[in-house]
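Heads up, the thing below is written out as structure tokens.
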């Protein structure tokens, strides 16, 4: 019988959270579809496309069913995109969903969660289903129409 | 027990079809989700938003599962939007999906299918499920993210 | 001595005017810079770019110094773009500047003014200086920044 | 006799220049029209509108006649917008014209050139004529059509 295996999403290794009092985890969000938006604050494609799209997702789907989480995955210009700069960026761009700072790693300057998810760059949008499994991985732009359908597929599938 | 009733979509009364050899009907499309885009060729909101969105739907979803159908529902400026003008419009705007000309009616100049569906104006986007039932009715603009989710909901629901 | 010759703009041959009680002519507009926007109502580039730009020009420059004139130069789909259809189009798209219907010609279906100006298609934007001379001829899109500069050059040059 | 007085532009007090080997000054640019784009790297209106417009100006007008100069006028989030962050920002956003870092001041955190020019915030676009005089001061957005005309007016006026 033909069946696809969906691996569990790797845990998030985050050194600091913004826009939330309690650190969100895969476990605490179990039961919701998660839209994970990995970005860098000085990445034009993230600022122009990825982050506005994540904000639209947040306003389109009910927060009881879909969680939007940002992940600041700095893999270049580390000195230019510190948490101090990120805080101002989130304020100026009115980004209101929780954003975690990916834990700096050792290899090639790639932060740890970025490495664990095999991300190739930013923006990357990851969809995680209600059971905490990886379902979609988009590097670069994905159209709203396709993304809306992908999120809904995860919402309406029977467990 | 709580249950929503979805009425059957009224049949299409069309005097002429473009972009197709065989007149599509609700019956011939049974088993597919139908996106019905009602428009007027001189309606700016249709030209700028509704018709480009319908074209994006057609390129995003497989034609074996989702059918995109245009309906020219002229309810004003009848002399300005004849089938002769429509043919040139469809050619110039590269609209490739089937488009039917709604049958002129008698009351208030409203064409018959427009009246049967209770449309308030153009653009109107109607979603019909695989069983031929009315599921969504949008007058004016609907965002791609929400529309993608609505189409996917109809695709992934269990009959 | 190096000097450029600017030929006089050919007269407009128009069978019908919209949005004006008095037929504008090159003579009646002498002393103003003229922005002549040649378009077809079913030309997507005209609807999306040319006509909105002409409307922006009209709102940016004082009407005492710059006149915006539309010219409906139908050279294809003649039956689809009659004056009856044009009237509805101008109404629906809220085009408020004077628009003339270029006089149908005999050769190749090209209307007469289009032929006299050597236009290659639509949209075409022509700039005529305060002395009635041809100064710019753009086929296709011209950026707002460049167009603003060209209009101003004609406004501020010393006769 | 009616005559407008155009005050001389205040000198630029800059602590560091990017994208240029030689520090540009009002004197060194005498004879050119100067478009001075004051911005902050974390100001959305600057990133979305002001800086792309400055880049368009640079590609529309000949560099022998029009100089485009950026000025990083940080008046908030000082720790988040250091020259280290600015360098990465200019690289990622492909900003190629000279950009000076406005000298930090003492009063209210306003940098010195920003204060001398009486700027109210960012983005601010200043036009300086070929004689080094202040001619336009725009806080917020200015449309391309109007800006193109203003630059051209300075180019074509007789000294």
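Per-chain residue numbering starts at 1, and chain names A, B, C and D are given in the order in which the chains are listed.
FYI, a contact is a pair of C-beta atoms (placed from the backbone, for glycine too) under 8 Å apart; a residue touches a chain by one contact, two chains touch by 3 or more.
All of these numbers come straight from a predicted model, not from anything done at the bench.
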Have a look at where chain A meets chain B and say same if over half of the interface residue numbers show up on both copies, different if under half do. same
Among all chains, whose Cα centre is located farthest from the one for chain D? B
Turning chain C onto chain D with a C-alpha fit: angle in degrees, nearest 5? 180
Separation of the C-alpha centres, chain A versus chain B, in whole Å, is 35
Approximately how many whole Å separate the CA-defined centres of chain B and chain D? 50
Check each residue of chain C and list the ones that touch at least two other chains. none
Looking only at which chains touch which, which shape fits best: line, ring, star, complete or other? ring
Could you list each pair of chains that touch, in label order? A-B, A-D, B-C, C-D
Which of the residues in chain D end up touching chain C in this complex? 53, 56-57, 60-61, 143-153, 155-158
Going by the contact rule set out above, which residues of chain A touch chain D in the complex? 42-44, 47-48, 76-77, 79-81, 84-85, 87-89, 91-93
